[in-house]
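Here the structure is laid out as structure tokens; the discussion comes afterwards.
Think of it as A, B, C and D in the order they're written, each chain with its own count starting at 1.
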């Protein structure tokens, strides 16, 4: 079943006139292929719509089908657009963190890291080593959490129902760790400009080690279920293959690109924080089909476990947040003694810190790809512009190349392996 | 004479009664508020633009007919199963083999004509 | 990262290639930025992409910025990335607001970087900047028939004021 | 047989007033605001106590086998998914069977922020669900627009569709959603949890308490007077009903 038959109707280059209305007059645009073929061999243009169990969120795909074969596909997004970037413009820098977290709601630590890293770059503020280790620790835990939710829902899409329950059981373990160190399961607002909000409690390291000791065996179980599962192999092998050059042209980053053979991972290429002195490998695929994407992500989970263990071993002592009083709250006990601490505290709490004018772009390797944050500061206490370059928004463009020419069932598999998060796409 | 059919009748009557009751009670007790959107076809939450006169591809009917053909074949094998332990004669065995072989020929023909792979 | 002198060299090469198109450069926070005149943005991008010495082949992001008080009001920012040399370069096209309900115009770079298709639709959707030559310039995130460009700084934030009990005498039947 | 004839043969002792849960809620809200009087009030008081055993049986059947619709909008959807996971198992309440199509679903959990582009889709899905149907607005965003007070988010799902239960939190923990679900079940069974005023008998703290501080205008005072008497009669009727058993 060759998936890459040259689809006759490729985009708008066929200019057949459409004759009388074939598929009802729709205010909603129909795809080019749907219109181009004329009345006698009509294509069924349907909405693979906002409310659908297999779209991993409120994504709508306008699909032109010829029987079971997808002739054209047009993603329509914006159904969960919350205007977060506009809201960020009238909040002080502290208050923007909860907004930015809720964009890509599965990898909230990475959103925080992108924004906070960008603001620290604008302020030229160095964070203490303990804070950078804690950040990496929480980000890698979040990567495992995000990949577990992806694995659970994607395997559910392909019919492996039990995977959903296994993965969500382990996900709850990760959320317990987040709850222990940050107080909240999701959207924890744990990263602060200048470091981390609070030091980790005493028993946290022990629990994380217990989790890291048990996680690889769990991953072996999952791989035992799926790796040589006949149905899973049949559904994912050689399906949705897109060449590496085309992916680079489309701006795709993350596991999708690494599965196609391009070893591009911002943790290795532009290592921020303490990634350079941790040794971990980057899984890279060869063929670039659904199966490679699955193997790359599961292997990434194993690498994250190794990173977490090393980060825990090398966790330095010392402050968990910078002590630049212009930006960071002074410790509580100093308020009663020193006058400056009181003034700084009052200034920071009422108006927030000011950032000198400038622009900065700071990118982080999120579970879905390069998550960049572009902040324009105009000297006041509120950012003039916050733009988040979301990996799912860009990777979604590769869906069309994967699905055209394949079957409808493969489209669901491609969408599952793409792992789009609609909060990030629609911001 | 009637006595030997009584269980069948009782069983059929109960089946109809319980099935009908379950179906009817829903209609009786459930509130009924038709509105325009409820009668429209459900297409992922959007008004559907597929015209009623849309003709589906031939492959769908092909698959449906082939399924019916070979499904009936299995249904015919059930009665054989029922009498199998009583009959224990070669004649029944040969008869079943011929029946299955004939349909196997049909299967090979259909396969060779390419009706099985999806176009 | 191209450091400050490197950035100046790129600016000079560009000036003699595209004739006075680089309006300014600044290098801060470890990343250089070229401020270019919107008419020549396509040639500059093509030069930066194909020139053997530069090869910024990967466009990681394209986004719009509204610097309302500042005069060239709109900025369209291209975040270019050279993967082998791991260098980022930012190119900002400074667009003037034509005023009234005319929309600022710019050449679309989808022909150079296919990834820009969604990005440019988003910039059009939020700032009303028209990209000439874009294959399918429609709103991407807002509803199709939405009026107004939401992320311009003079667009109101929207939302509803929260009515507390003490405000009820002013609006007795606020819940209708 | 025509359904009405069948009903005439075995009347279900349904009270004359429409039993639609939604209308009763609106009437209860008007009562609290003090603009419900005369026969309307009598009917409301008498019918708000679940009387018939048949109704109780139907309510019990409905409450313990609710099929929620998988309607994940945003971050709350991830927490909604986790109520089906082994730890917060909603199968204990008979609701683990998440249906994808609105035709087979009884409960629409609006999990996440409802943007202006998604609102017509939500409303259409709600219309396409079959009665009896309920809606849980999960999380701050669908209850009240949450932290996103801006142009893109509808400030509260009850602006365009009736909502029965609001679950606070951003995202609410899975236990909070299961607790909201239990509240809905008690509501379907006919004895909704009393409001906080009845539970902590803080009867005197309604809006009209402001009259004591003297800022209330004249007609406000009259309106509050009338509302207080109605509440008193409501109180008397309810206590009489609970003492004397179903009237």
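The criterion applied here is as follows: a contact is a pair of C-beta atoms (placed from the backbone, for glycine too) under 8 Å apart; a residue touches a chain by one contact, two chains touch by 3 or more.
In this text the structure is predicted, and so the values were computed from the model without any measurement.
J.: With centres defined by CA atoms only, which chain is the most remote from chain C?
T.: The chain lying farthest from chain C is B.
J.: Express in whole angstrom the distance between the two chain centres, defined as the mean CA positions of chain C and chain D.
T.: 47
J.: With chain centres defined as C-alpha means, what is the inter-centre distance between chain B and chain C in Å?
T.: Comparing mean C-alpha positions, chain C is 60 Å from chain B.
J.: From the C-alpha centre of chain B to that of chain D, how far is it in Å?
T.: Comparing mean C-alpha positions, chain D is 43 Å from chain B.
J.: What's the distance between the Cα centroids of chain A and chain C, rounded to whole Å?
T.: 23
J.: Note the residues in chain D that touch 2 or more other chains, in rising order.
T.: In chain D, 117, 121, 125, 148-153 touch at least two other chains.
J.: Please output the residue numbers of chain A that touch at least 2 other chains, ranges allowed.
T.: Counting only residues that touch two or more other chains, chain A contributes 28, 49-52, 78, 81, 83, 86-87, 426.
J.: Residue numbers in chain B touching 2 or more other chains?
T.: 45-46
J.: Considering every pair of chains, which are in touch?
T.: A-B, A-C, A-D, B-D, C-D
J.: Touching chain B in the complex: which residues of chain A?
T.: 22-26, 28, 30, 42, 44-52, 60, 66-68, 407
J.: Along chain D, where are the residues that touch chain B in the complex?
T.: Where chain D meets chain B, its residues are 3, 6-7, 12, 19-20, 58, 101-103, 121-122, 124-125, 127-128, 130-132.
J.: Any idea which chain B residues touch chain D in the complex?
T.: Contact set of chain B toward chain D: 27-33, 35-38, 40, 42, 45-47.
J.: Could you pull out which chain D residues touch chain A in their complex?
T.: Within the complex, chain D touches chain A at residues 70-75, 77-79, 81-82, 84-87, 100, 112-113, 115, 117-118, 121, 125, 141, 147-153, 170-171, 173.
J.: For chain A, which residues are in contact with chain C within the complex?
T.: Interface residues on the chain A side: 11-12, 27-29, 77-78, 81, 83, 85-87, 89-90, 121-122, 124, 248-253, 264, 269-270, 358-361, 363, 370, 372, 374, 376, 384-385, 387, 389, 393-394, 396-397, 426-427.
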